[in-house]
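Scrolling down, you'll hit the structures one after another.
Below, chain A partners chain B and then partners chain C, in two separate complexes.
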Partner chain A sequence: MNLMAEILIQVIIAFLAGSLLLGLHRKVMARVQKRPGPPIVQQLIHSLKFFFKETAFPKTVSKVFYIGIVFILALIWVVGVIVGPVAKDSLLILFGVYAVYKIVEHNSGSSSGSPYGKLSCVRAVLSAATELPLFAAIVFVYMVTGTMNIGEIITYQSVHGPLIYSIPLAALMFFMLILTKSPYSPFAITKDKVLISGFETEHFGFLRGFMLFSEAIAWYVLLWVFLTIFFGPLNAVGYLIGMIVISFVTGFINATTPLLSPNHSVMTQITIGAICFAGTALMIFTGVVA
Partner chain B sequence: MVNQKITCIILLVLSTLAILACLVINFEAWIVYAVAIFGIPTWILSLGLLTMAKPKPEDVEERVKEPFTGY
Partner chain C sequence: MLDYMIYLITFAAGSILGLLYSYKQHGEPFVAVTKFNVPFAIVSIAGWVLGFCSGNVILSAIGFLLAGFVMGERPGYGRKETAVGLIIAIIVYVLLKRPLCMM
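Our next item is the complex of A and B:
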């Protein structure tokens, strides 16, 4: 197939699937809290609807920065789709994508000139300090498989079985990262409701729709990476079931867990990350993992 | 506002042409990646800036002040 056609198809799949999964996530949360909740397609409809909503640029924003940061958010997750589902290239590039994503959260908050955005931008630095070490679970994937290339990791798992069985604590670290990025997460300190919508507060109308587009792709890519590097070679049905299950589980956790304060959130993530890191390292160096 | 509209139309046409060119012609992978990485977000951004509704002239002042509830 033509490479550009493949990229376009994967970006569209990522957007549609990501939006529907986030809609499912919201529905699960509502049902757990005994509310009917919006339809599953609501997230998707919102993303498209905002493209036609009235949009104005507030007086105090840095206009180029304010629009440019939304462009960069979309750009990095298109890179995520290319490196992941399309090319099955290096995990290190995806680590870089995630690092830039945290910078985008920071800059999006500061570009608006709003106090809510600025507070969220400070918290983005705090959360980056814990989320990037959680993404470092890929180090253990490298230590076991001897490669950072996603295609080769899939091949390794087709011979030796899924990595979830050999390094479960590393998988838990990555799951913590996914949980952190899910909406209304107990660790979502950058979008705490006391900050309205955090770094997104002053991005409304079309720009919010563009952000929702990128976030749907981000959710899809993160789930895809998790399933690919820990659950071995999967077909389309396997990915579909896996993504639905993870969205369901994170929705249930988020509906039943209050949002933590920034210091508690950071300490909890660091503690869980450190235990999983030490545990996995111990398993590898003592020869439990072949 | 007129300048913004013209810029958006130019960007939309350029990104569409670049993406279509990559669909029709088999360029080297790095060229296709570069076009996809910059072309897809540019296409959406320029399209969105054209399709978004603009505030009425008498409401503009209110709209650009309105979001800053904290100030």
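Our next item is the complex of A and C:
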């Protein structure tokens, strides 16, 4: 198939699947809290609706920056789709995508001129604590498989079995990143309800539509990468079940856990990351992991 | 991957249609419906079985449209019907272990 067509199809799949999974996530949270909750398709309708809403520009914004940042946000997650599901390329590029996402989150808050956005922008710097466990997880995957290439990691797993069995603590570190990225997460300090919607507060209309579009793609890409590098070669049904289960589990955790304060959030992430790092390093250097 | 995109689009379209239809039929505030809607259950069973087991892109797309129609109903409606449809489709899928069109 033509590469451009492949990219377009994968981006549409990522958007639709990501939106439906986020809708499921909201539904699970609602049912745990004994609310009926919105229909699963509501997140998708919500995202599409914003593209047709009137877009207002607050007087305090830095306009070029304010508009440009949402396109960059959408673009980096489209790059995530290209590097992941389309090309099955290097994990290091995906780490770069996530790192740039943090910068965009930071700049999106600062470009609005709103105090809520600015506070969220400061917290985006603190929440970079999530990237350390992510990087450590990628390093351990490299140490075990000897490659950063996703395609080669899949091949390794088809021979040696899924990595979740050999380095489960590294998988836990990656799962913590997914948990942090999920809506209403205990670690989502940049979108604390004290800050209204955090760095998204001052983005309206089609700009918010692009943000929701990016969120859906980001959710899909993160789940896809997690399932691919830890659960071996999967078929479409395997990905579907895996993604539904993870959305369900994160929804349950988020519904039953209060949002942590920024310092508690960072310390919890660093502590879990450090324990998992030490545990995995011990397993590798003592020869538990072949 | 084109087939998966078609399935997702038809499922989402079916869900939106189901939501619109359901709100047209039931305008009252939220009620947890205990009644089992047989016609919708048949639509759901047909949808999920076609979606998972037909092995044909067009039939599967129609199946996911029907399944999405019932599953996408407003909160409180279509839950049991969806559960029955899904369970029967999974049983059929496991029993056959091959697409229906190959029988």
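Definition applied: the second predicted complex is superposed on the first by the 286 of 290 C-alpha atoms of A that agree within 3 Å, B and C clash if a C-alpha of one lies under 4 Å from a C-alpha of the other, contacts with A are read in each partner's own complex, and residues count from 1 in each chain.
FYI, contacts are C-beta pairs under 8 Å (C-beta built on N, C-alpha and C of every residue); 3 or more make two chains touch, one makes a residue touch a chain.
Bear in mind that the values here come from a model prediction, so they are computed numbers and not experimental data.
Novice: Mind checking chain B and chain C on superposed chain A, clash or fit?
Specialist: Aligned through their shared chain, the two binders fit side by side on chain A.
Novice: After superposition on the shared chain, which partner residues are touched by A:Ala74: those of chain B (first), chain C (second), both, or neither?
Specialist: In the superposition, A:Ala74 touches chain B alone.
Novice: Go through the superposed model and pick first if A:Thr190 touches only chain B, second if only chain C, both, or neither.
Specialist: Touch partners of A:Thr190: none, neither chain B nor chain C.
Novice: Have a look at where A:Ala17 lands relative to chain B and chain C in the superposition and call it first, second, both or neither.
Specialist: Only chain C is touched by A:Ala17; chain B is not.
Novice: Counting touched residues of chain A, say whether chain B or chain C comes out ahead.
Specialist: Partner touching more chain A residues in the overlay: B.
Novice: Applying the document's definition of touch, where does A:Ser265 land relative to chain B and chain C: first, second, both, or neither?
Specialist: It touches nothing on chain B or chain C.
Novice: Applying the touch criterion given at the start, work out whether A:Ile7 contacts chain B, chain C, both or neither, answering first, second, both or neither.
Specialist: first
Novice: Using the touch definition from the top, say if A:Val41 reaches chain B (first), chain C (second), both or neither.
Specialist: second
Novice: With chain A at the apex, figure out the C-alpha centre angle toward chain B and chain C and round it to a multiple of 10 degrees.
Specialist: 80
Novice: Scan A:Ser114 for contacts with chain B and chain C and give back first, second, both or neither.
Specialist: Once the two structures are laid over each other on A, A:Ser114 reaches chain B alone.
Novice: Contact-wise, after the overlay, does A:Glu54 reach chain B, chain C, both or neither (first, second, both, neither)?
Specialist: first
Novice: Measuring by CA atoms in the overlay, how small does the chain B-chain C distance get, in Å?
Specialist: The answer for the closest chain B-chain C C-alpha pair is 14 Å.
Novice: Going by the contact rule set out above, which residues of chain A touch chain C in the complex?
Specialist: Per the stated touch rule, the residues are 1, 6, 9-10, 12-13, 16-17, 19-20, 36-41, 44-45, 236.
Novice: Where on chain B does chain A make contact in their complex?
Specialist: By the definition above, chain B touches chain A via 19, 22-23, 26, 29, 32-33, 35-38, 40-42, 44-45, 47-49, 51-55, 60, 63-65, 67-68, 70-71.
Novice: Contact residues on chain C for chain A in the complex?
Specialist: Spelled out, the residues of chain C in touch with chain A are 1-2, 4-5, 8-9, 11-12, 15-16, 19, 30, 32, 68, 71-76.
Novice: Can you check the complex and tell me which residues of chain A touch chain B?
Specialist: Touch list, chain A to chain B: 2-5, 7-8, 11, 51-60, 67, 70-71, 74-75, 78-79, 82, 113-116, 201-202, 204-207, 209-210, 213.
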